[in-house]
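Per-chain residue numbering starts at 1, and chain names A, B, C and D are given in the order in which the chains are listed.
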Amino acid sequence: MKFRTTEYFIKEVATSLKRNNWMSLASIGTVTISLFILGLFLMVVVNLDRMASTLESQVQISVYLKDDITKEQTEALRQKLNSLQGIDTVNYISKEDAMKRFSERLGDQKYLLSALDETNPLPNAFEITVKDPQLVKTASKEVENFPGVDTAVYAQDIVEHLFDLTRLIRLIGLAIIIFLAGATIFIISNTIRLTVFARRKEIAIMKYVGATDWFIRWPFLLEGVVLGFLGGNIAAILLRLAYMALTQKIYDMMTFFPLIPLYPFLTYITIIIILSGIVIGALGSVISIKRFLEV
Amino acid sequence: MKSPTEINVIKMKSISKVYDNGAVALDNVDITIRRGEFVFIVGSSGAGKSTFVKLLLREIMPTSGHLLVNGYNVKKMPNREIPYLRRSLGVIFQDYRLLPNKTVYENVAFAMRVIESPRRLILRSVNSVLDVVGLRDKYKCFPSQLSGGEQQRVAIARAIVNNPALIIADEPTGNLDPETSWEIMDIFQRINAAGTTIVMATHDKMIVDTMQKRVLAIEDGRIVRDEASGGYGYEV
Amino acid sequence: MKSPTEINVIKMKSISKVYDNGAVALDNVDITIRRGEFVFIVGSSGAGKSTFVKLLLREIMPTSGHLLVNGYNVKKMPNREIPYLRRSLGVIFQDYRLLPNKTVYENVAFAMRVIESPRRLILRSVNSVLDVVGLRDKYKCFPSQLSGGEQQRVAIARAIVNNPALIIADEPTGNLDPETSWEIMDIFQRINAAGTTIVMATHDKMIVDTMQKRVLAIEDGRIVRDEASGGYGYEV
Amino acid sequence: MKFRTTEYFIKEVATSLKRNNWMSLASIGTVTISLFILGLFLMVVVNLDRMASTLESQVQISVYLKDDITKEQTEALRQKLNSLQGIDTVNYISKEDAMKRFSERLGDQKYLLSALDETNPLPNAFEITVKDPQLVKTASKEVENFPGVDTAVYAQDIVEHLFDLTRLIRLIGLAIIIFLAGATIFIISNTIRLTVFARRKEIAIMKYVGATDWFIRWPFLLEGVVLGFLGGNIAAILLRLAYMALTQKIYDMMTFFPLIPLYPFLTYITIIIILSGIVIGALGSVISIKRFLEV
């Protein structure tokens, strides 16, 4: 392909976008909206997944220590726990700390503690978290056999519910994203196909005067790329704004609900959305004109 | 262009064309047209003239038979060679087939763009050919802004701009007044004198009778007359 | 149809048409055509014939002047009356304008459907008019399956099927061979004899010269000749 | 309009759908997908809203009674609470019930109770729920002044967080639904516009041979209705299947997560989706051909 032809193609695309202006706008609008929806749910699903991971990582095992062990034994136990495979954090909670927490947890029933007459029946404990929450069960079994350990307990039913919940969130999230990606591809390429269809006679005429398939295809492909790029960009910008607004809103309303921080998350989303736009636009164009080239 | 030294520009051997709906448009046609000839195809409406023309540029495939155009074996050539066959022809379509979204200038230039001509040459050739058909001042118009005859002349300009070795014209003067028609025929005659083969389907009795060139008469898909220098042949 | 007793079917008073791009297609035209006349509009390519025709059916609006067609004040009529003006005309367009997704039969029938004719009448009229133009056996074809001349004849059939009081034909024989052209002219003459007004833009010198009807010659948008029974007028 | 014309229009639509078959399929596909997405999130949002309401309705006020009141006084108090405006349920929890619950709540720290030496420091109480959770604050204030009442408490910060959460869920849900509805309308009518655009010449020709606007419009409108109806129906069927599958899946995985029961919920959704399809299809057609009728 000669340079003047490349130049011609680029001019062609500009002219075509201008002359078919409302079709171009319609395509860009469709690309924008589809990719915006896709991006939105991508962000939601990624956030939910993160949240699920956070929840899972917070499952703890409380390792209650026997009352009679010494500081040295406790220290040795900490070492042992630390060196255990798959353990994430190890925290020592003295019986005093435990009582303080317990009294906080009782809230308006704190007066119950007065019945204890200043005695503290709570044991010293380690609280450990594991890297892979699936390990909770085996880890707690193992730890129970360590010297100085009385019992190791965790909220069994909550953990199991939690796994169900996070599995469900991930499953549904993945299903939604796959479905939305399919829908986006369908809708965008469908729109492009209709715009190409409206120009099928042009394509045939070009072939009749001796244009090769690629000579016809290139401007359409470039046009698809431009439409996809523009639509993807607008969608990406809207997504950024939406996410920032949402983060702010959620932060204002409920501080305990942490979203994934803006960067580099938004950068990834931007790249994914724009790339999707370009690829779907280009492929949509090329595939759509295929059947009209056969003359 | 393949084998430019071949003496037979068009060679049809027992060509038949039956359309999908069963209409028999050409029935066992044998024709040879040599380099430099000027041939009129005449025949009543629906006789098969356009079918004949469409076969030459492989717009449609013959149902049976053997066809050679400009050295290309039309029936057996691979798809990717079709553009090169078409570039070796200049075709004026009965329905013009102008690109609706391109101006007069761009329409004519398009035929040169596909063969990647240099920009300067395009500018020069297109302007001169628009002059020839009398549309220089309409170069900025879109086809929808032209009269029927003007559109037809754009189609003529596009067909001749690349100086093809074979010009195929399907009813090129159907929407032109007699005066303009004669101007176009003048151009064709000059191009023909320079060695270009011209095949022209027409209904214009006056033109055919006056020019006294080879006449092929088709009736119901069959060649019924092939005269070296004849007239339109029907008295009304 | 409004005021069918009006003697002047078409009345143009200092009509001008300047297109958006500045092209002056008609320049201060005054014409009156009476009921029952047969008028040829002649003129070179781009003279303004189709513009003249398009004004009559309000496809385009005159830039200035006053125009009465079949009793409708074309310039001032409300949009919702346009269909009724058009139904009172039978128009053959230079570019046919057949519905691509309808068969020959459906295309002709459509003109009757819009005036809600009874189905039986449609069947009868369409078949007989297809007979007249010689396309009875092609009734099932789509326009893309027809030759140029066949398409033109479908357009003619559609224009005459409703027996309009005024037939406007823009180059109706441009793609027809002389024989078929004469058949069509025969039909027109018979329709005209029955009282229908016919306005026909044409390039066909032979037809105009032979028929010796009223001739309006347009040149560069101006009426340069208006003869009661004249010829095409250009010697070539 | 005469009967034969109506008949003709209906035949027209059938023929047109057949002859423009891939365009019809493209439109139906777009309607289906857009409405499916809309319906899916409508179902999700309605469910979330329901869940939010359930959560809110479970906010309780604990009304602790003075130790020294009689059975009659307690009964009188119950009457008084019952007759209070905006109160939903009133439950009596004796100090024994309370202790049982408390010991259950302590779980693996149950042994703490042994320190209480069989004394029960818990008071008798009424647990009341209010119809409108916004009333919790005022209601608890009012109840505290009733005779025999010691204090009336509720989980203040949890309730406030809860309100934030449900408000956020509703806000985002509503925003998503409005946005998706807009996107659906845009995408469907855009697709229809492109199919009408591909047939603009036909429309002009019809006008040139004397068809009135409505003569042209009716078949397009009916076609839009048929496309919308078909697309809406397919979407509705898919939504039903999806919801049933999801309900089953969620029920299998986590019984504590109740979705809105299938009926009449699905009936409403079906009606909404099909009606949307019809209305958008019809309006989309009519609006799209408007500009092509002006010849």
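Structural remarks
In this text, a residue touches a chain if its C-beta (ideal position, glycine included) is under 8 Å from a C-beta of that chain, and two chains touch if they have at least 3 such contacts.
A quick note: this is a predicted structure, and the numbers were derived from the prediction, not measured.
Where contacts are defined as at the top, ignoring chain C still yields one piece in which all remaining chains are linked. Taken together, chain C and chain D share no touching chain. Relative to the C-alpha centre of chain A, the farthest chain centre belongs to C.
For the pair chain B and chain C, the distance between mean C-alpha positions equals 29 Å.
Spacing of chain A relative to chain D, judged by their CA centroids, is 25 angstrom.
Centroid to centroid, with C-alpha atoms defining each point, chain B and chain D lie 67 Å apart. With touch defined as above, chain A holds no residue shared between interfaces to two or more other chains. Taken as a contact graph, with one node per protein chain and an edge wherever two chains touch, the assembly forms a single closed ring in which every chain touches exactly two others.
All chain pairs in contact, by the document's touch criterion: A-B, A-D, B-C, C-D.
Across the interface of their complex, chain A is touched by residues 23, 26, 29-30, 33-34, 36-37, 40, 102, 108-109, 111-112, 114-116, 119, 121-122, 151, 153, 155, 161, 164-165, 167-168, 171-172, 176, 180, 183, 186-187, 190-191, 193-195, 197-198, 246, 249-250, 253-254, 256-257 of chain D.
For chain C in complex with chain B, the residues that touch the partner chain are 19, 21, 23, 42-46, 49-51, 94-95, 140-141, 145-150, 152-153, 170-171, 174-182, 203, 205-206, 232, 234, 236. Those residues of chain C whose C-beta lies close enough to touch chain D in the complex are 57, 59, 80, 82-84, 86-87, 89, 91, 93, 97-101, 110-111, 113-116, 118-119, 158. In the complex of the two chains, the chain A residues touching chain B come out as 1-2, 4-5, 8, 16, 19-20, 199, 201-202, 204-213, 215, 295.
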